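These notes open a run of structures that come right after.
Next come two complexes, and both contain subunit A; in the first it sits with subunit B, in the second with subunit C.
Let's look at the complex of A and B:
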């Protein structure tokens, strides 16, 4: 009986101990994995910034601040927004490293680039 | 998508459409002048070619653009000037084209039944010409609103 109680106490201690040790690690890990968000402003017939460098996993959000519709279309067909009216947004999460050129399909002179490292 | 050559933000097809529409509208005035000079056969060929070419332009450039950019946003965005302008231009443009085709059928063929033929040719031809030019000016305004940075 006394042996069983000891085993139970030991097991409980180990479990709580493990929880105490692993707890902060999980918090740290989730803080590291929290996806970053970066904004690109569409204004005055241009993307700003025109070239954006972000880490893998970043979500980029384009917001149309112009008074005319625009689109955000990847040159390589990776992403494509609908027609964005004033103040409408489009987001895309970059899960692979690389360079992603894009343009506005309504105004092809408007170009930009996202560099994912 | 290819960039335009007029120095605006427009794509190539929009620049070409604008220039062709302007040229065709001037061509209709030339055709009207031919009628005044009594060269009716040349007048008929000139106006018929332009009306039919415009039908091709509508089918290949303007209608697909309208379907892609404007139609999905209607009717909720009709209050916004660039959608309103495009919609009015599109609607009146279809009416002008139908008017042109009707005159072609009525004046140049015997396809229409007697009761659908027109009598006052000059009146209807001049009306459609005036309407056509109104649509052209609306089209130029639409181009400016969509592709020219006014700020």
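Let's look at the complex of A and C:
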């Protein structure tokens, strides 16, 4: 019993550790001047990066760089963009921790996720 | 591709210039075409290059209609800065057909961004076509932002649910299906439970010998699921059509001509009138394909379909706008 508890604690630490390493790194890489915002590019019918890890309070901005319109729609109904034509943008501020899967409702094979920590 | 198929002929039982097995595998790419005549559920096929040798009876029927698709009015990117011009060229092509079509089917993506003025422009251009009746099904570009409300107001009079309907012409039964609504993350086109139930009921009373023409935007066969080119629950729809001797399925969405024959069903996709898209898997994405301006019209086109009453025959001919 005692042994299984310590394993659980160790696992939590590892997961938390992994999250804290990847989180700030992504934010810094894409938006060094404004750490509270970060970008997702839509290119060639895909979201880049497909998985984005950010701290709570981050505003994520999606930009459609394709010749075809796309949308950014939360699978769980948390956010939904209007249709984005070429070079149009959509932003959403993540104020709660959690995992937010999303997709393009016009081309549903396009999927992505935002992990907020 | 048609040229390639011709090169691979192993058996030419019908003396039609196309090997049966080769034809079943055939994907007739944009810029090429094939004429298909179905007789009692048996398909006869001719390459377009043989058309001049065919008798009028072979090539024309008592019912002639034309399919156009993917006009994408409002698109203005390098792949085609003048989609109104190429739609007008499609209308000219239709007006020049030797057998005047009685009506048109538009298999969706009428507009690029579901804007009222885009639909208005298409309506205006199509008024110049000899056939005045147009039967529409929506593409995903026609139902943006409003779950298809505007589309239904404009084109959905008398339709059921999300816009599906059927009608009869000279003994053939036409079924317009909608597979671009309520798409799920990671999924393909969807017909949905309500539409499938309606379809089962719609065809229940029909004789097995009734020729069936199904038209919808996204292909009802698995063309390339990796790019979303297929419909999740199309197998259920096709199961309801199994009893019929002749089923022709006409789709758009992929902006190129492809054909597949499976038992009693011939699947056919039409060219766009706006811009071409790449062959499955041959590019990073299915986005618009830029070709040299002088080649554009050779990769856009219309599809002319003829039905010979009594012979249960449908002839499908693709022609480019070049």
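Following the convention adopted for this analysis, the second predicted complex is superposed on the first by the 82 of 117 C-alpha atoms of A that agree within 3 Å, B and C clash if a C-alpha of one lies under 4 Å from a C-alpha of the other, contacts with A are read in each partner's own complex, and residues count from 1 in each chain.
Following the convention adopted for this analysis, a residue touches a chain if its C-beta (ideal position, glycine included) is under 8 Å from a C-beta of that chain, and two chains touch if they have at least 3 such contacts.
All values reported here derive from a predicted model rather than from experimental measurement.
Clashing of subunit B with subunit C is the outcome of superposition onto subunit A. Once the two complexes are laid over each other on the shared chain, residue contacts for A:69 go to subunit B and to subunit C alike. By the touch criterion defined above, A:109 lies against subunit B and subunit C together after alignment on the C-alpha atoms of chain A. Note on subunit A: of its two partners subunit C and subunit B, the one contacting more of its residues is C. When both complexes are overlaid on chain A, the residue A:77 reaches neither subunit B nor subunit C. Contacts of A:101 after superposition: subunit C is touched, whereas subunit B is not reached.
Subunit A residues 44-45, 68-69, 82-83, 85-86, 103, 105-109 lie at the interface with subunit B in one structure and with subunit C in the other. Per the touch definition, subunit B reaches subunit A in the complex via residues 1-4, 9-11, 68-69, 72-73, 77, 80, 82, 145-147, 149, 151. Contact residues of subunit A toward subunit B in the complex are 44-45, 68-69, 82-83, 85-86, 103, 105-110. Every residue of subunit C that touches subunit A in the complex is listed here, in rising order: 77-79, 112-114, 140-141, 144-145, 183-188, 226-228, 284-288. For subunit A in complex with subunit C, the residues that touch the partner chain are 44-46, 66-69, 71, 75, 82-83, 85-86, 101-103, 105-109, 111.
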